[in-house]
Amino acid sequence: MSTTNRPRDPHSLSDDIIAMSIGPSHPAMRCPIKLNAAVAGDHITSMQVELGFMHRGFEKMAEYTPYNELIDLVDRLNPVNSPSNALTFVTAVEKLMGVEIPERIAYLRMVFAELARMASHFDCIATAAIELELTKLKLLMSESLNVLLDTIETHMFRPSFGGISCSLDDNFSGFIRQLFAFVSSRSMEGRRYMSQGGIFHKRLAGYGTVTSQRALEAGFSGPNLRASGIEYDLRRHCPYWLYPKVGFQIPTGTNGDCYDRYVTRLYEIEQSMLIIEQCLDRMARLDDEQVACAALPVAVKPQGEIYFAVESAEGELGYFIVGRGEDKPYRLHIRPPGLAEAGALADVLTGEQMEQIVPLMGSFNLSGAELER
Amino acid sequence: MNDFSATLKKACSEAILAEQNSPDGIVMTIKADKIRQVFETLAGRGTSDGRMLLTDISAVNIEENDCRFELYYHVFLIDLHLRLTLKCRVEGDKIDSIADIMPAALMPEREIFDMFGLKFRGHGNLPRLFMHNDFEGHPLLREYPLMKRQILLEQTKFE
Amino acid sequence: MIIFWITVKALTIFIIMAMLIASAATVAGRRINGQSITLGQFSLGRMLRLYLTQPTANFIKLLFKENSSPSYAISDIYKAAPYLSVAAVLMILGVIPFGDEADLGGTIVKLRVAAFDSSVPAMLILLVPAFYGPILAGYSSDSKPGLIGSIASLGNLVSHFVTLCVAVLGILAVFGSAALHEIAAMQSGPITAWGIIYQPLGFILFTLSALLLGHDMPNGSAGGWNRIADWRVEYTGLRLAMISAPGSLLNVIVSMLAVTLYFGSCHIPWLEWSKLSSLLGTGTSGGIILMLMQISVFVIKTYLLCLLMLYMRTLIPRLRGQDGMLLGWKVLLPVALANLALTAVIISLIK
Amino acid sequence: MGIERILAGKNNPLGKLAGKIINLARSNSLTPYIFHTGGSNSRIISRLEAESRLAELGLNEPCFSPRQADLLIVAGPLNTRMASALRFVYDQMPEPRWVMALGDNACDGGIYKNYAVVEGVAQIIPVDVEVRGCPPSMEDIIAGLERLRKIIRERNLSDDYPPKPESADKK
């Protein structure tokens, strides 16, 4: 047995420390990260995180592909929350070229971005439910997840510069209301499962706590930061599209532990439904002669540099584009929403038990492809 | 917004070269060796005008003769709703690290070293972030060919 | 003649057990919790496929799989662990009575393998080696997650085994005898003779601790850390089948025990087997029919209880390591002791 | 066990019959180990597990350790660093093992033509069945499984026991 017999660690629970590496291809963990942990008994004494197992050289490839082909490439980065990447990239290029999009397009983009956010939150809670064997909660969450992903696939085809190509028949708002009746009943029942005193609360409350000061320093973003009590949401602090015209609250947690992160996501699902309903009402009231697509310059050859960030489901998703007037971007850098959390994972997990690794990692909702591009 | 930039200019006047407004904030060009001083003043004033969040550091490999890299530090001031981008051009391939002032810079700096080979002085340990350890060269440099693969196969390396 | 009947009994026991275990394991494997099998989907073809052909295909495949073992494993313990865990659990079958007597043309055949006075404590003692298998496998197969998983699950097994024994003591107090076949015989006649009437709380404790006992044995639970840090990671082929046998075997055997102790092992309420045998005539054919009826009653009861336990297993969410053990020591054990004291007081009052 | 070695001997009738039975059993109970490198088909993987039609095709529950697996399903583009993890997993699998590459990314690197992605899983481990499509539809996967089962049924028993028993250490 290759137990590393280091000098006895005074405050470790047991005297011999086993060096263990939890391999990258792990069925229980959704995104392949290699954890080299030193384990005393059941507790982790120290841990290093190794990334890079899903790095696909996206940014280098982006320098060799023209802009409109990039939209499909960007779509592949995050399987669950795919529209958010494409919409962000398209808006960043429009801002770089100084193109203003009409209101109808902005409302449509907001609808699909919020649908993607709900899908990603349901997916995150479903993986936690699998780990805790709460099969009823898992069924609730994955049903609504599949329904949402199907609606996104059937209704939204491909965003284009200055517009969005999607098939919206007239009873789309009726269909969405019926969808929300289905989804909100699921999330209400899910909330009953995750209430205080339940197994979900007892198992996850108090573990993996990140104080608001620590989260701010480490550069967290999105639900992980809000769970620690800091009300920072790009839709409110640095608004884009037409979010100022839509009213919604920002749910924040209190003590930033694993339980708060999951519950913040659950409350955000309600807010997203609120936003979508308001967008649909405003879109109906728009006068119809709005042009379907914005006036585009003859060819997409932006000049200059821009950093445009969007509040995606996992955190702040930013696109930094440097254009030199050719049809290919000179440099395309994506601010990955989960990188800061992956960096801070090592000292969030130290001191925890081995069993808590999977739920704690799941609470940050790291999506591997987007994290390592 | 402008009172903030005025106070910052007064605090470290010789560091800031130019300043212009971008759609949702300010873009300032700074001298590369004054980067630590700027962040110390920013962090020092962090409590007075609201919390500060270092979102990201982006690097661009420009092929001008004198300098090869241009760094963009994206900082967001939460209470002022202001996005501050600090641009600086790097001569040579070394620059001071700000990881001890802002821990959020740990991962972006490791990634920039891994992808561009730009070393950060004073950063604790600077292992490669994505590529495996015996990967020669830095992929995102212009001269690195797109299709050159270095597959890691030996199991001992992986263990 | 006697040897012939013993081999027949052993064969029937083995066939019944193999089918029970295979079907229970497949049902558990088919994740009765995740993808609930609604009655609508049941067609005879699917039923046959799920309970008969699939387990046999699995068995044959595992038989011809390569038996590779990790190079750094301690090979002799590594090879011994599967046999030990299966042998211990199968020995308990010898103690459980499958039915009453049946006379076949003069010779009386007792439907049980071994019948000695202290068979209940013997059964409990034979349950213990089933827990050695995981420990030996985890230690000797040089996989660190396996080692940690086996030690964690041993703690869980011990804490719930104590409550299991105390719950069984309640039944001994009620029936006054420690022999399984006597307890089974006493439960014939009206339904009030069944053990569960006297010991409802005892039955609940028995099944709950049995569930929590086997809960950490990775079986059928989808995903999760428990499926990785388990001790059977390094086993392939038939050894894998044998090392994972306690998982589903324990489930079947505990439901068998529950049937004999609490639900009147082979007796149908208000029906005396002796009255029926006179009706069927004393020839060997009558005796054989009687024997088959007794065994089928016992098997049906076990099967229902086994499915009930499999379903109950899906209701228990995964407790954290300590919570499971704390539940065992702090909650179940005191309740079991209180139940034992209560029965003692009632019995002394009746006398 | 020596019996198979005798059975697998040169064309004795019993060997042929035994081979058919064993192959039938093997093709009807395949335990897949899903080597998940993320990417566009993570939804396909969850549907793969919940698909009831696959039970008819003899696909068991996905297992959690390569030691217990017969079929290795590789999904998603393979990173150059992940290649050694794939090789490590493939070596751990016991002998009669098969590999199925799921999706364009796994078969030949798909749209990722760059330094970080290996051009197809076949460069690292021998692949038996390739399922095209990005993401591959359910029908393609089932057709792929049918092809795989045909390969298993046509295998004769002597393939398990090459004349010189390879003593490669499995660790």
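Letters A, B, C and D name the chains as they come in the text, with residue numbers starting at 1 for each one.
Throughout what follows, a contact is a pair of C-beta atoms (placed from the backbone, for glycine too) under 8 Å apart; a residue touches a chain by one contact, two chains touch by 3 or more.
No experiment lies behind these values; they were computed from the predicted model shown.
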| item | value |
| --- | --- |
| Set of chains adjacent to subunit A and to subunit B | D |
| Pair with more cross-chain C-beta pairs in contact, given B-D and C-D | C-D |
| Mean-CA-position distance for subunit C and subunit B (Å) | 64 |
| Centroid distance [mean C-alpha coordinates] between subunit D and subunit B, Å | 45 |
| Subunit C and subunit D: spacing of chain centres that average the CA atoms, whole Å | 35 |
| Intercentroid distance (Cα basis), subunit C paired with subunit A, Å | 46 |
| Residues within subunit C bordering two or more other chains | 34, 222, 227-228 |
| Multi-chain contact sites of subunit B, meaning residues that touch two or more partners | 130-132, 139, 144, 146 |
| Residue list for subunit A, restricted to those that touch at least two other chains | 27-28, 52, 55, 57, 60-61 |
| Each pair of chains that touches, named by its two labels | A-B, A-C, A-D, B-D, C-D |
| For the subunit C and subunit A complex, residues of the former touching the latter | 33-34, 142, 144-145, 147-148, 152, 221-229, 314, 316-321, 323 |
| Contacting residues of subunit A [partner subunit C, same complex] | 1, 18, 20, 22, 26-28, 39, 42, 130-135, 138, 199, 202-203, 353-358 |
| Subunit D partner contacts - residues on subunit A that touch it in the complex | 23-25, 27-28, 30-32, 52-57, 60-61, 72-73, 76, 79-80, 142, 149, 367-369 |
| In the complex, subunit A residues that touch subunit B | 21, 51-52, 55, 57, 59-61, 64, 95, 216-219, 221, 230, 232, 237-238, 305-307, 309, 316, 318, 320, 322, 330-331, 333, 335, 339-340, 342-343, 372 |
| Touching residues on subunit B, where the partner in the complex is subunit A | 22-24, 51, 53-56, 58-61, 72, 74, 76, 78, 81, 83, 85, 102-108, 111, 115, 128-132, 139-140, 144, 146, 159 |
